[in-house]
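The chains carry the letters A, B, C and D, assigned in the order they are written, with residues numbered from 1 in each.
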Amino acid sequence: MKQSRFTILKNEPLTSTVYRMVLEGDTSAITKTGQFLNIKIDGLFLRRPISVCDYDDKTVTILYKVVGAGTEAMKLMAPPSQLDILTGLGNGYDTTKSGSCPLLIGGGVGVPPMYRLAKNLLAEGKTPIVILGFNTKDEAFYIEEFEHLGAKVLVATSDGSLGTKGFVTDIVSNLSDYTYFYACGPEPMLKALSDCTKTSGQLSFEERMGCGFGACMGCSCETKYGSKRICKDGPVLEKEEIIW
Amino acid sequence: MKQSRFTILKNEPLTSTVYRMVLEGDTSAITKTGQFLNIKIDGLFLRRPISVCDYDDKTVTILYKVVGAGTEAMKLMAPPSQLDILTGLGNGYDTTKSGSCPLLIGGGVGVPPMYRLAKNLLAEGKTPIVILGFNTKDEAFYIEEFEHLGAKVLVATSDGSLGTKGFVTDIVSNLSDYTYFYACGPEPMLKALSDCTKTSGQLSFEERMGCGFGACMGCSCETKYGSKRICKDGPVLEKEEIIW
Amino acid sequence: MVNTKVTLSGIPLDNPIIPASGTFGYGYEFAELYDINMLGSFSFKGTTREARFGNPTPRIAECTGGMINSVGLQNPGIEKVIREELPKMRKVFHKPVIANISGFSVEEYAFCSEKIDKEDQVGIIEVNVSCPNVHHGGMSFGTSPEAAAEVTRAVKAVTTKPVYIKLSPNVTDIAAIAKACEEAGADGISLINTLMGMRIDLKTGKPIIANKMGGFSGSAIFPVAVRMVYQVYEAVKIPIIGMGGVSSAEDVLEMMLAGATAVQIGAANLVEPFACKNIIESLPHVMKKYGITDLNDIIGGAHK
Amino acid sequence: MVNTKVTLSGIPLDNPIIPASGTFGYGYEFAELYDINMLGSFSFKGTTREARFGNPTPRIAECTGGMINSVGLQNPGIEKVIREELPKMRKVFHKPVIANISGFSVEEYAFCSEKIDKEDQVGIIEVNVSCPNVHHGGMSFGTSPEAAAEVTRAVKAVTTKPVYIKLSPNVTDIAAIAKACEEAGADGISLINTLMGMRIDLKTGKPIIANKMGGFSGSAIFPVAVRMVYQVYEAVKIPIIGMGGVSSAEDVLEMMLAGATAVQIGAANLVEPFACKNIIESLPHVMKKYGITDLNDIIGGAHK
């Protein structure tokens, strides 16, 4: 973990509620996708945890949905203002277990961490299938970006306005030749995926956090292997250890 | 009273700790010098009361000393940022009682309201004598500005580095041909002036304020004519009503 | 259209927004800024038998998210309030007002309440039991169920108007005190009064407030207020007026979900003079945002 | 040069800065960020007889200037803390630590204290009496002078180390409870623990915290903490460790002026991981600014 100041390079809407922010600063503590940042926002007490969507040696990209006071404030920020951020938080996804053809499943604001994950798996010579779920076409984002990476992308929307009508699980249930899966999204989606997937996999969880770096026990969850802190021992858990 | 947003036009140091800020906005509620503004500062709960130094139909000038969190924040503000300000607070000085040759006595950050007062009295054809007190030369400000108005200016510094060595009272005690006095400054100065002046006069007081507009009774003081709110019935009191 | 009307002991309010005692004076300053008849009601400055200058100054200190006051119940005394202020208030506010009554003995509470009971302008008598009991070593009436109940009974005996007991949060068991007041006949509970707090001036090394301690209020105390309203709602059946740190329409909804039928706004009025107006105007929009069509539906909703 | 050294019951501290229990884990996370040996000491996570998972999640809610937690004393139990954590802690922190002990019965407090008493790494036993007493209807030990004194006596009977009783602020008369602990043999008083608070989620209409209520801490509670430290300083002669909302060197001075000999930093560590380091480093500068050459000179200074 590192604490440092980042400069906002870009902050732009992808949909009416989801924004992309590109930040410049010391990214050396970020080692994996699936990790997250914890962002200090003036006037609010707690930092806001947001997943790493992509990063390089001097920038990090995040995608965030405006849902409350913190993200509302983020939306209004403009380059070149600065943010105090904790980086390198969480375990992140482990690509060594992926096999040759893993599924990457992102629902809503669970989509962002799948981006860098897809990039990495492709770089490792694997052929990930990316499955993205949204409520409706207007809320969809990052589909082209995934396609540009060269990944196969399947989309589900609840109302059928884009791709398959239904949930990501409707797509997953019809697939069979995958070797592993990675998922991030709302808890009901994760639970359904855990039930309908035929392989082992890694799922990323959200929890309200005090610190985000393992000090307060605010985010604990019980697993089959004992209590884990979502912020430090997670947010990524293995399918097999999860107690639903 | 009015609440409105002002735009900072200038914010510049006069000494190492005293700043002048010129603000543009709706000044229609300001009717007298000796009145004050109550300034909202992001992140701080209470507004900060600062005297009007000068104003016209679209700008108001204040001079403030950096002493704590609020003024520290003000010092860092730059044009064209905005401030939420309550204007037209307090009774202000009454020039009708001045006679032809009033004394205007300002000590430290009590100097600012004397500026517009001098201007008004000169405009009314009177010949005010302005007496300014500071600790030392380096802390002195606005002497030239008063001179430019065409007022007679006398200065006292505690260490004698500028003007008379001593206090404003040392100057006042040696004067006799004045018709009235107006004073603003630290309470011990006001008390000493009240004792050494030969005429009636008006003195402006400071008190910690909750609202600044008469609602909370946070700033009450007892006078010979009953309890008064410094923010609404003051900050200017008549020499005769003050209980020391 | 959404419904913001609520009822306190039979008294209909256009909306649940009520400026809290001591932060709105007698309404005059605010009436110059906006038409205060848009308010549900207002609770005027705490009134005692005798006129009081209150505590020495400084009476105000700043805190993170709030302020401390030790005004000390400055007021002209009940007779003068009835004779001079009520008629003036009637000119700027045409709805029933809430008379906030304080005392340093049970008799003083009864005396003031009996006097004010005759005024038809007064809709509710709000009895502030946070005052020190001069007959019992200065502990406040609000710190013991017995003392609070005794004040309640004494006031109820001399009034026909609804009596709301305004509780102090500086206690171990707020629910027990509320319950004692209900059993003693209270028609409603107002809470919370200020938390006792202190700030020290680093320049002098001494407390900022001349009286050393004072009442801490403002958004910082909101979570304590919500908790206490929630606890009292579980303990009593009479209506609750919730307050403590409320400064937005969202806060109003949160207080009502905790169990408040109406909500008072205190310190927010001092730093944001249009606070109540802004809250009243944004309330319908915020209700819509959360799918609320009638405020009465959410009172105590968090308990379900 | 200024002096920041203070002494707690004979234990010298390089400075009065101590991370508060529950906000610093066992120090490991912070040891990766800075050399935590710069701290005066640290108080490790509250420990009970049995291992505890704690309360269901969500356990955290945000407030203006603070947060609510309902972690519920998650810890591996006293045996495992002694066997596994203490040796690991010794590697990152070479000074005496403060063992924070909790219990749901008098026996549990005594059991844990007796166990930890044998560990020379432990300088002070800090007894958190904010836990509900399972034998007495769930009211916390910290809410009655008798119960707090009983815990104090039980712990003192089985330990040789200095015992500091950590008080709950959710009480009517904090001074009476502190006094009872002093009379029962306490070597010092730590205060304040968290204020009970609640937040409700407008989207669901239900409390955010799974356990409904939780402990409110952070800068918002500072004025209450200063007031209570001030009151307890007037009531007892034993040293006080002050805490509650401290987040700057200025706050440390204010706590000490109120009567604290040392100061704990809680929630600030969570949102500003370098909080303690920053405070320790700025303390000498802030002392100079206010003309303080020795911190010991200002302890209780506001009472003079």
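Definition applied: a contact is a pair of C-beta atoms (placed from the backbone, for glycine too) under 8 Å apart; a residue touches a chain by one contact, two chains touch by 3 or more.
What you see is a predicted model; the values in this text were computed from it and never measured.
Peer 1: Let me check something: if the centre of a chain is the mean of its CA atoms, which chain is farthest from subunit B?
Peer 2: The chain lying farthest from subunit B is A.
Peer 1: Once you find the CA centre of subunit A and the CA centre of subunit B, what distance in Å lies between them?
Peer 2: Roughly 57 Å, centre to centre.
Peer 1: Taking the mean of the C-alpha atoms as each chain's centre, how many Å separate subunit B from subunit C?
Peer 2: 36
Peer 1: Could you state the distance in Å from the CA-based centre of subunit A to that of subunit C?
Peer 2: One centre to the other, that is 47 Å.
Peer 1: Specify, in ascending order, the residues of subunit C that touch 2 or more different other chains.
Peer 2: Counting only residues that touch two or more other chains, subunit C contributes 61, 63-66, 219.
Peer 1: Chain adjacency by touch: line, ring, star, complete or other shape?
Peer 2: Contact map by chain: ring.
Peer 1: Throw together a list of every chain pair that touches.
Peer 2: Once each pair is checked, the touching ones are A-B, A-D, B-C, C-D.
Peer 1: Which bits of subunit D are touching subunit A when the two form their complex?
Peer 2: 22-25, 28-30, 32-33, 45, 53-54, 57-67, 69, 71, 74, 208, 218-219, 267, 269-271, 273-274
Peer 1: Would you pull the subunit A residues touching subunit B in the complex into a rising list?
Peer 2: Residues 42-43 of subunit A touch subunit B in their complex.
Peer 1: For the complex, give me every residue of subunit D touching subunit C.
Peer 2: My answer: residues 61, 63-66, 68, 139, 143, 170-173, 195-200, 202-203, 205-207, 212-213, 216, 219-224, 226-227, 230, 245, 250, 253-254, 257-258, 290, 298, 301-302, 304.
Peer 1: Quick check: in the complex, which residue numbers of subunit B touch subunit C?
Peer 2: Those in contact with subunit C are residues 1, 3, 40, 44-47, 86, 207-211, 213-222, 227, 232.
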